[in-house]
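In the two complexes that follow, chain A is the common piece, with chain B as its partner first and chain C second.
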Partner chain A sequence: MIAIECRDVVKRFKSVTALDHMDLTVEKNGIFGLLGPNGAGKTTLIRILTGLITPTSGTCRVMGTDVGDTDSDHRFGIGYLSQDPKYYPWMTGRELLFFVGRLFGMPLADIRKRADELLAMAGLSQAADRKIGGYSGGMVQRLGIAQALFHQPEILFLDEPVSALDPIGRKEVLEFIASLGEGMSVCMSTHILADVERICSSVAIMDEGKVKLVGRTEELLAGVSGGMSLISFASAADAEKMGAQLDLQGVPHVLEADRIRIAADLFEEHRGVILRSAADGKLRLSTITRERADLEEVFVDLIQGGRTYGKR
Partner chain B sequence: MNKTLFTADLRAHWSLFLFIQLVLLLYGTISVYMFDPESVDALVNMLQVLPENMVKAMGFDNLSTDLTQYIAGYLYGFIMIIFPIIYIAILSNNLVAKHVERGSIVYLLTTPNSRVRIALTQALYLLITLAVLIGVLTGVVLIMCASLFPGMLDVGRFLLLNLVTFLVLAVVSGIAFFGSCAFDETRWSTALGAGLPGLMFILKMISELNEQLAWVRYLTVFTLMDSENVLAGGSFVTTAVIGTAAAALLLFAGGIALFNRRSLAV
Partner chain C sequence: MGNADISSLPALLRKDFMEQLRNGHFLVICIVFAFFGITSPVIAKYTPQVIEMVGKSQNIQMVVPEPSIRDSFVQYVKNLSQLIPIFLIFLTMGGIAKEKDSGTIAFVLVKPVTRFACLFSKLLVHSAMAAAGLMVSAILAGVYTLIFFQDLPLWWFTRGNGALLLYCLTLVIITQGFSAISEKPVNAGIAALVVWIVSIVIKMLPGIGPFSFSVLSDEALGAMAGFSISWKPVLGAGVVSVAITALGYLKFKRWE
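The block that comes next holds the complex of A and B.
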């Protein structure tokens, strides 16, 4: 079941190519993270997928419908929250949801019920009758998500939903997004790697208008040949001695009190020398662990063109 | 038209409407209240002390002892142009370009309402409230004249003057609305929506200040609001009504079509 399908999509703004022959396929259900540095083309892609702009060439389908179709009924299936949502500041949170419900032509009884449900889900029941102008950034974003969910869309697009928020607001909004669960499809763009790792079941990494990598988050992390090995000793003196040995061998490492951090692939390469040195020097090794690579490594290496990815 | 959006527009912009309406009513009621054929003579004599061109530029050159001509000269040469221009420039900018610049247009466009329907609603809001501004003033002036100076106002010609005024201001609204639909940034929308009507108003004043520059009146739509010609009736009025209605229609249709087609920076 496909939620998003883009084929050979190009979008040019005068001399700037925002999307450059981009292909992408996203499965239905779950939270999909669209990751990339600023200017990668994430917002442009979301704007195309929500029908706000049209691609220069190529095709995009969302939930089986060509986004080029101007049939407005298609919009019933899409919810969208922009990066920095602006609402009438004189409206209350509840009034905004009623306004959106009426724009969707919903009956008043349904609007009332749905507004109560979503205000509760967004943790805004207490603030429902306060003016939006007095809301915090996190409250506005949560209200924005509630607004985007109001008509029960099949897919929700969130453009950088937490990038402008303080840590508390970020946590609240991410928890709200995560609570949407597997029952619906969510496409969220961000440049904050930790957020994607935290809540996204699958991810695409974009750069220079192209999708560089796409897959399930766990699979991407498992496929990284990087990561660090951490060698712990019984004492800082033992760690220092091992550090000296590694210096002699010319193996780059970082000494951290009673631990030595070394790139996992270098550890594999020098494993024999390291273990032999420990035995010869009677150094008391406690543990050797491998730290899981994080998405930041995948991202930075991919964008900077460092490593090649392969299964370990 | 979308009634929900129209109602939200009403709530968002009622204070601007009320302010302009009150200013127009203030001037309208004062002008009627002040009417006295004898004092108009005195006022005309006093105005003769001032430079003739300046009086013309302010639109006070047509003050007459005839009530209809007096009101036309007092209200429709300056006040009924400048305040509606302010209203139109601010409102048209807020109705589309400001929504696009702020990004708040997004949640309208992601509802099952087409761009045409959204833009049409905004255009109708502008035109309807402009009609109400003029209509309320017209009604109040009619009531005041009927009670203070029964039978002295030529109601037919006065209504015709208001119709032409509305249509000329509809053209100005069309220009401002087109600008609002054409640009993502309010500074450009304002530049066109306020700048061009403002320039046309200045051209009208220049054409009246200097006879050698009288030809510039052909460059401004406000020439069609010449109360003397409108009250005289005839082909001038027919041309003004047809020309302004067609121009306003084209400008609004063009703005809506442009808004429907172009990529928005949201």
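The block that comes next holds the complex of A and C.
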């Protein structure tokens, strides 16, 4: 089942092309991470998918419903938390949730029950009848998640949901988002790679208005970048000699005391040379291990279009 | 799934009305309108006496005609048509523009709410506020006129207030239209003010002059004197209101 489907989507703001013939398909259920540097088009894509703006050309479907108009019906099934949520400062937290419930045409008894549940979940029961204008940033963010979940949406769009939070708040919100992924679809944009790696089951990497890479997080980490190979020697001197050999061969690497770190695919390419150099120089090799790539490597590799592993 | 039609209007109306109550706009409008409602007959009644007293203190014999109910109406219409427009524009220029400026509109627009419902809600609430203010003003002006002049031609007075209401609503609708077009409340206010000033200038022009909605204030005075209200400024008010609201809606519909 498909949650999000975008075909040949273009979005132009005057002379700026924010989305450039972008295609994307996201499966239902699970947490989908939208990664990319600033200006990659993540927020523009989320704003199109939530019906806040319309694409210049191309089609988008959310849960099977067309998102072609700012008055689209698909908004009944979505929840949205913006990057910098703004609510009416004169309302109380409870009043805001009641307002959301009324907008969705929910019966008053259900609104009351749901508001109590979500205020408790967001840790705002004590502050429920205080004006939002007096809330802290973290409280506003938690209220934002509560209002986005109020009508039990099929899909939740979160635009940089934890970027403004302190480490504790971030951890709490991420754990909460992770718990949502079991029964609903979540699409979360972020530039914090560790967060995506931690909670997202699949990920798309965007740059310059295009999706550069999409797939399951585990597969991306295992397949796209080979990670690093770590060659350990019996002594730092041996490691230094090997480093000199690699310099001669023009193989980028990092020397760390008695170890040499080298991109795994480069290691595979120069495996023969490395082992021969070790044998010829009577260098005492201890172990050769492979470290799994992290998302940062995949990301930087794609965005910068080349290896970042520098020479010593 | 439901339909994103205007079924969300009651929720939006409730929210917009609460906002006007909480931020004090509703109270301010009632107080200002009440002030003009009370002071107009008072000024009409006592101005001649004040002039006579000033004249006596300067040893000048001044003959000032006895104030009449007409003086009370002239003062009332003059106050409302000259000062209230600026006040109404200032108080209602927020509307959609304020929500765009503060960012709260995005929170509403991702819910199943049509942009038409958003605009219509603001329009209704601000119009209701202006109507309530005018009602307070009219009741107080009527009561004080009755007290000071022992007479109130109720039907004529009501008709005159009808013309004033149309005048006020036209200004509110124009301001809301510009509020939907502009990104900042102050821009909406300036645009509405310009339209109001232009309408006053047009009023003086031959040919199209009678169609200016600003003529409604003259018609209000005429109606209080027992004359019938001309359809020309009513038509002008309708055309300007519909045109600016349509423009505002089309712009807001495409707002990103």
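Points to keep in mind about this one:
Convention: the second predicted complex is superposed on the first by the 236 of 312 C-alpha atoms of A that agree within 3 Å, B and C clash if a C-alpha of one lies under 4 Å from a C-alpha of the other, contacts with A are read in each partner's own complex, and residues count from 1 in each chain.
The working rule: contacts are C-beta pairs under 8 Å (C-beta built on N, C-alpha and C of every residue); 3 or more make two chains touch, one makes a residue touch a chain.
Everything numeric here is computed off the predicted structure, so don't read it as measured data.
Aligning the two structures on chain A places chain B and chain C in clashing positions. Contacts of A:S189 after superposition on the shared chain: neither chain B nor chain C is touched. Using the contact criterion defined above for the overlaid structures, shared-chain residue A:S82 touches chain B and also reaches chain C. Contacts of A:T50 after superposition: both chain B and chain C are touched.
Shared-chain residue A:S229: touches no atom of chain B or chain C. Touch criterion met: A:T65 reaches chain C, while chain B stays clear of it. In the superposition on chain A, the residues of chain A touched by chain B in one structure and by chain C in the other are 13, 47, 50-54, 70, 72-76, 78, 80, 82, 84-88, 90, 99-100, 102-105, 147.
Against chain A, in their complex, chain B makes its touches with residues 2, 4-5, 8, 11-12, 102-104, 106-114, 263-264, 266.
Per the touch definition, chain C reaches chain A in the complex via residues 1-4, 7-8, 10-12, 14-15, 18-19, 22-23, 102-104, 106-116, 253-254, 256. Those residues of chain A lying in contact with chain B across their complex are 13, 47, 50-54, 70, 72-76, 78-80, 82-88, 90, 99-100, 102-105, 147-148, 151.
Within the complex, the chain A residues that touch chain C are 13, 47, 50-54, 65, 70-78, 80, 82, 84-88, 90-91, 95, 99-100, 102-105, 147.
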